[in-house]
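Each structure below is given as structure tokens.
Below, subunit A partners subunit B and then partners subunit C, in two separate complexes.
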Partner chain A sequence: MSGIRRSVGLGLLVVGILVPFVPLALTAVSSGWRYPALVPQTFTGRGVALVFDPDGEVLAALLTSFTIAVTVAVVAALVGLCGGRALGLHRFRGRRLVQFLLLAPVLVPGFAVTFGLQVFFIRYGLADTVPGVVLVHLVPTIPYVTLVLGATFASFDVSYEEQARVLGAGPVRTFVSVTLPAIRPGLCVAALFAFLISWSEYVLTLLIGGGTIRTLPLLLFSYIGSADLTEAASVSLVFALPPLVLVVAASRYLTGAQSGVVGLGRL
Partner chain B sequence: MGSSTGTAVSLRGLRKAYQRGVPAVDGVDLEVAPGSLVALLGPSGCGKTTTLKMVAGLLDPDEGDVRFDDRSIIGLAAEKRPVAMVFQKPLLFPHMTVGQNVGFGLRVRRTAKAAIAARVAEMLELVRLPDLAHRKVGQLSGGQEQRVALARALVTDPAVLLLDEPLSQLDAALRIEMRDLVAGVQRELGVTTLFVTHDQDEAVALADKVALVLDGRVVQHAEPRVFYERPASVAVARFFGGRNAVPGRVAGGRFTGGGLDVAVPTGTPPGDGTLVVRQESLALVERPAPDVVPVRVIAARYLGTAMTVTVELADTTRLELTAPPATAVAVGAPAHLHLPPEACTIVPT
Partner chain C sequence: MVLTETIAAPVAAAGAGPASARRRWRVPRRARVALLLAPPLSIVVVFFLGGFSQAVAQSFGYVPFLPTGEVGLGAYRDAWADPAVRASIGLTFRISFLATGLAVVLGVGAALLIRRSGRFRRVASTVFQSTLPVPHIVGALSMLLLLQPTGFAARVGDAAGISEGQGSFPILTGDRFGWAIVAEYVWKEAPFIGVVALSALSSGVAELEDAARTLGAGPWARFRRVTLPVLTPGVLATSIIAFAFSFGSFEVPSLLGRAFPSTLPVVAYERYRDTDLTSRPQAMAISVAIAVTIGALVLVYIALVERSGRRAP
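After this line comes the complex of A and B, so read on.
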């Protein structure tokens, strides 16, 4: 592609992603914005103060959301590494069935699944706890992560591992020095998916967290319900920006051919 | 390790089945002399790569033993065995430079950096690719890649070098160049080498000894010329391109069959047997003489550097022979075929 076309495409992309944030950002700092004014007439720091209050619930929810999403991404990636390797590298009896069963939690509405699971979470004392919420977030994330890593492993040549081993590398060294660099793009995308799914999860968090575990989506809903647009817009920004930053960072990291392979492109 | 004196390799009764009841390797016995280069030759699917992987430790045999200098290495993990292996594909690690690839085996052994650099340079020199250490792997040609793979395998000074068809993906001219390089490097280092190939020319040109593997067994293990002069069976003779096999009987020191009556070497067991003779050992001559049998010419095909002539014996058994390209033959006419008894081998039917 020529340089000009590339620049235009990039510009359109940036405009498409960033423009919707402009009214949101303006609302977050305005105290009154009535028709037919094009820009807000009066400004306030109320939204900013709410978000950055060190003892406030927004920063607390941000921390909770972040902790849960990162944990979910790491655990789902670890589980998906094992499952994806088995699905991608081995042709075993019942492989199709396993693939289908993996997708089952995604096909059935999460609400239905979690209603059934809730009993067990209460019985084992996991309801209303962070570990409980992490666990229930693994239900919709592990299928995606496993399928992405399954595809990654399917295009990985295991002979590289055999080559490393006959050169004297043990299983751990082989994984770290040879396998991991080869599957890193897929692994990053899989973990990113898991993070994003967990980050925006509402129903499952509400059911298992029982309102005690307040993640950003839960907080956002209560602010939207309160009809204070300034505060709701401020919390929305806090909710929307971290995933955006993460996706941009990931696409920078997975440059060139790699990003093409995993469908992220170069932003 | 330390290959200066060479390591003897012994395979005893190796067996491996991937599916129950379908053996890939069905009792391989092989003794490899220290410092020698043995080719495991066979058609694809005969079990030669499986055998090599069992020596490398990448597969566990169902039965049998692998011994280096008379010490069993069964149960030793691949990374603990003093072997190095070069595969069909170069398998250079794409995220490393040429130098990092060659030095991989030393890095996992925690060798000092300066020592690694020196050794890597030495190995690249050995495979005639000096000054390439900083090159990216993607910038190499196919032949260069395979040479880097060879350097990477040799860098740890392995006791046994395993080569799994490393030349099969190269084009013809490059293959011969690489073949000479492998032979030269192997002789220089004196490392005991097992070389898997399906190409009999490659095996014959490269190896001190050839082990022909058919259906998961070593059917003959000998110096290359023996496969042409004294094949162990009709199948061996056919694999090496032999065209002539005449079934018959051995009795009283003579072979009879197909209208032939030939003296056989003393010690040939009497009973049913098949006479095998190379097409290159036969010749058409002007007139009857000792060891000459009457035949009729059936067909002649001109091949540029030689001529393939098909003749028929008294009882319609056909033999093929290779003649000089200028030979004048009349198709359909009687002729005289020289059949030297010393070129004939009687094998079990």
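After this line comes the complex of A and C, so read on.
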């Protein structure tokens, strides 16, 4: 391939990826943008003010989203540690069935099962509550974390743990100073994606939270439905920022070869 | 880590005497595996399988906590006969196939470009991957602002003299074809497939291609005989995930599509939210069909990953 053709290709690639961000960023700060103009005529800080209003619904939704996503990530990581260990370190009968049972909830859209579950959530008082939303977010995230940690444990040498035990370390000490450092990259990636899956979840929150639990995606969805897209664009910048920062921060743990990459397709 | 490294050698030499004495007190291996798997699997069994079987039961007409009326395949028959569902099936498959196909071509193409981009490699791959963590709702809003009739693309088209004023730019949002939906999926999935392709290409492929070159293989033969076989397993598996996602996604077609025809998840959701409760079984029937389709794709994915794993050195 010639150098010029390659440069043109790379240029098109960068433009194709970045161009959709341009109207989003401009809309977030524009107050008047009549049709043929390429840039807005007048600018406004209304979107920024809306986002940072201390009594506003955006900050409240941000807090709700954050609380739910962190809880989901922590619970999914703890539960996934158990299952991941079994999956990675042991060969057992029915292993393939277990793999299928874990991968299916990650890829089958959550609404398909939540339609069937909603009656029970209402019946047992979990509908319209934060614990109910956390619970329904755990359905795709726990299997995902288990799979990623399964792959992590598969390359972990258990004899290190035995050696620590022989030298007198208790189970807790062994876990904290031997197992945990060895599986940290996988654990970070798994928890990160559990957070992100929960953070960007829309339908499950809507079905179980019933509009009472207003997370950022729910708020954003209703803003997009309104006529004024300046607010929607501002909120979406706030909504997209944490995932961007987190993925960049964890990028040294992330490669396309890992099983964790499935999570990217789920986002 | 320091602890493990310093103790590794002496213990290995000393043998596992005390460890095996202690092991006798441990839970048997099979019970241990079962205990470890119990927490995640119970969530899957109770909520996923439980929810799915409830959806199946309700699609047959069974209603929990209420006296059951007529039980049968009526909802499936009605859904299949419904023109809205018929149109939706075609639209959903078309959007998913088109989006996945384009994402594979563009993602692999971008990966091939990026790995040879020398000093721009880091920048190019960072930009390329920047859409990965962006939530689909934000992607959908971006595509709306870009592609709607008064969107940024139409403005640029006017300024460049390609289109002439309002109304001359093609309708890409809320259209029958679903162009904006396809665009959003490609924008998100091409980098996803590209990341996997890039990592497959970084594992010593350049050396193999050089070897093929010295043996007299031309560029096309090198691509077909060396590069493509390296790329295929990962890209194929990843494209199944991309297809499954676009097939079952609700947010994007709901924001960028139109009411009729709409994709299957949107139709299922509308039926579910219908105030007329008699359309509930149909909503269940459609989502069961979606779940079964994607479940079958999961099986294909597992088979592909296992086969490529066995082939790997």
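Everything below uses one rule, namely that the second predicted complex is superposed on the first by the 225 of 267 C-alpha atoms of A that agree within 3 Å, B and C clash if a C-alpha of one lies under 4 Å from a C-alpha of the other, contacts with A are read in each partner's own complex, and residues count from 1 in each chain.
Keep in mind that, in the parts below, contacts are C-beta pairs under 8 Å (C-beta built on N, C-alpha and C of every residue); 3 or more make two chains touch, one makes a residue touch a chain.
Just so you know, these numbers come straight off a predicted model, no measurement behind them.
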{"item": "Between subunit B and subunit C, more extensive residue contact with subunit A", "value": "C"}
{"item": "Partner chain in contact with A:Gly170 - subunit B first, subunit C second, else both or neither", "value": "first"}
{"item": "Touched partner set for A:Val178, first subunit B, second subunit C, both or neither", "value": "both"}
{"item": "Touching partner for A:Tyr160 - first (subunit B), second (subunit C), both, neither", "value": "both"}
{"item": "First, second, both or neither for A:Gly9, with subunit B first and subunit C second", "value": "second"}
{"item": "Touching partner for A:Arg214 - first (subunit B), second (subunit C), both, neither", "value": "neither"}
{"item": "Which superposed partner A:Arg46 touches (first subunit B, second subunit C, both, neither)", "value": "neither"}
{"item": "Partner chain in contact with A:Leu244 - subunit B first, subunit C second, else both or neither", "value": "second"}
{"item": "Touched partner set for A:Leu102, first subunit B, second subunit C, both or neither", "value": "second"}
{"item": "Touching both subunit C and subunit B, counted on subunit A across the two superposed complexes", "value": "159-160, 162-167, 177-178, 181-182"}
{"item": "For the subunit C and subunit A complex, residues of the former touching the latter", "value": "1, 3-4, 7-8, 11-12, 16, 18-19, 22, 29-30, 32-33, 35-41, 43-45, 47-58, 64-65, 109-110, 113-114, 116-117, 120, 124, 127-128, 130-146, 150-152, 155-156, 158-159, 165-166, 187-189, 191-192, 195-200, 203, 234, 238, 241-242, 244-245, 248-251, 255, 265, 268-269, 272, 283-284, 287-288, 290-291, 294-295, 297-299, 301-302"}
{"item": "List of subunit A residues in touch with subunit B within their complex", "value": "157, 159-160, 162-170, 173-174, 177-178, 181-182"}
{"item": "Of all residues in subunit B, those that touch subunit A in their complex", "value": "53, 56-58, 77-79, 81, 83-85, 87, 89, 91, 93-95, 104-105, 108-109, 152-153, 156, 162"}
{"item": "Subunit A residues within the subunit C interface of the complex", "value": "1, 6, 9-10, 13-14, 16-24, 26-27, 35-38, 79-80, 82-83, 85-87, 90, 92, 96, 98-105, 107-109, 111-117, 119-120, 123, 135-136, 138-139, 142-143, 146, 159-160, 162-167, 177-178, 181-182, 196, 199-200, 202-203, 217, 220-221, 224, 229, 232-233, 236, 239-240, 243-244, 246-247, 255-257, 261-262, 264-267"}
